[in-house]
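To keep things simple, chains are lettered A, B, C and D as they appear, and every chain counts its residues starting from 1.
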């Protein structure tokens, strides 16, 4: 997507300069995490976990909340397969790190536990590029604060790309 | 599986003795609860329950979280059939007794109530042999603390075997 | 697990060499797909798909039917995320390629359409190493015969490794 | 249950002879498979399977279709855990061997594939004692005709008890 979109936009601009329509007015163009970027992000997560001798599941969803990439490091507890996906989905769907939700519950607002299909535990972080929510990553396997460390490392340097 | 594995291990041991690779490098070798061990553990659970005139469901899952053995003592509430399995699965998937989760919730960390497919009530305990998580047992039917007593009795003496 | 198992196997081999029990009699030892092997298999699948300009989801489960790796190639239909996992799980759980089931249905035995949680369409293949079912791959995204081509390419050369 | 009921009925008869009520008129007394009988039946199934070097899952449900006993022989395909339960439940709920359904589908009546939560494949047989449907057994793991052989062996001699 990343490599295709610029050319597409360039072409659109050229066409527009010659009086062509830049794009049907009714569609929305959305940037999204593709497999190549997902693998790059996941590699950073895996390296950070390995560096600490941690084992985690890494899940990455796209801008629609759909799974793009998942890797389970050997020996990670099986429950993390679902938990990592749930954290990523929650972060994407609610446009915030799941830690924000965990803090709200810790502050006593239990009512948000009733949110459907939302996992309110640290380790899920949205992937934001140029202000757009293009996906999210979910990490599970260690203490949730450690999962959060891995998620942060996974996204480090991303905005500069 | 039963007939293939012993030969495989024998070969591995022989190869190892001669400095060869003990197994194809790319596979992970995992010990797991088999039916014989499951029956032995369940018999200890049933004896403990009967000794207290308790009735419970006993569920045992393997290292992949799949059911190996289940027995429902006469008169046990029907809901315990699912609950015992959920406790066993939770203990296996998250590599800890479900009581650890119950304690965390009791301590005020309500956020983990949002964990998907996890039953955070005492009575599920992982089966750990020589440091490996080979399965888990789930007990349900009485008060959860009593379920925990049965689960502990079920696994008593296991490491010494 | 990763750190514990090698020592466990080493000890077993040593004990075996001295005529001792290779492992506690009551546990079953099972080889399983790890992340390294899963990535290698998936890379072969992705290369085969790219070679044909096909886009697919690649899902790999371990010997317990639990997801180890998933990658969705850009542009693949979203339904394939679930379908690829279901094919892999079916192939693992029933120890046969899902094509075998599709052929049985095509042959007129419609009764097996009632199998619970089984996807009877080509594209799921068990991963068998030295006679042991260590996992399975599921491919979805193209025509099911094309999914089957990708799955076969993914596992090519595996036994010789 | 088996040992309790006769005494209960005897007592009722005695009470009745002296003008006491035999039982509240509005309740229904139902014979049902208990754990002791389930284990006896399952032992016969396991012996038959072992005799043929087959590996199967054995599931036994009570008169309410609820699981009483399950055992998975080592190496049995994981899918059989669900399939054995589904066969038992189907045989109990529809008061007939699942083979009867398989034959109907084989005869071309595909419409019954739409029955909810029914598995229409041989290997499930109701447990009938003195004309009462007290439970059912489901066997899965081999070819369905072989599963049927195991189920039949499991129930052999039962009516004579």
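Convention: a contact is a pair of C-beta atoms (placed from the backbone, for glycine too) under 8 Å apart; a residue touches a chain by one contact, two chains touch by 3 or more.
Being a predicted model, the structure only gives us computed values, none of them experimental.
**Q** If every chain is reduced to the average of its C-alpha atoms, which one ends up farthest from chain A?
**A** The chain lying farthest from chain A is D.
**Q** Which whole number of Å gives the spacing of the CA centres of chain A and chain C?
**A** The mean C-alpha positions of chain A and chain C differ by 26 Å.
**Q** So what's the Cα centroid distance for chain A and chain D, whole Å?
**A** Averaging C-alpha atoms per chain gives centres 49 Å apart.
**Q** Can you give the whole-Å distance between the Cα centres of chain B and chain C?
**A** 25
**Q** Taking the mean of the C-alpha atoms as each chain's centre, how many Å separate chain C from chain D?
**A** About 34 Å separates the centre of chain C from that of chain D.
**Q** Two-or-more-chain contact residues of chain A, please, as numbers and ranges.
**A** 74, 78
**Q** Which category does the touching pattern between chains fall into here: line, ring, star, complete, or other?
**A** The chain contacts form none of line, ring, star or complete graph.
**Q** What are all the chain pairs that meet the touch criterion?
**A** A-B, A-C, B-C, B-D, C-D
**Q** Show which residues of chain C lie in contact with chain B when the two form their complex.
**A** Interface residues on the chain C side: 1-2, 4-5, 8-10, 12-13, 16-17, 22-24, 26-34, 36-37, 40, 62-66, 129-134, 161.
**Q** Under the stated contact criterion, what part of chain A meets chain B in this complex?
**A** Interface residues on the chain A side: 74, 77-80, 82-83, 86, 101-102, 105-106, 110, 113, 115, 118-121.
**Q** State the interface residues of chain B toward chain D in the complex, per the touch definition above.
**A** 1-3, 34-36, 38-39, 64, 66-74, 78, 81
**Q** Which residues of chain B touch chain A once you look at their complex with the stated criterion?
**A** So the residues of chain B in touch with chain A come to 28, 64-65, 90, 92-95, 108-118.
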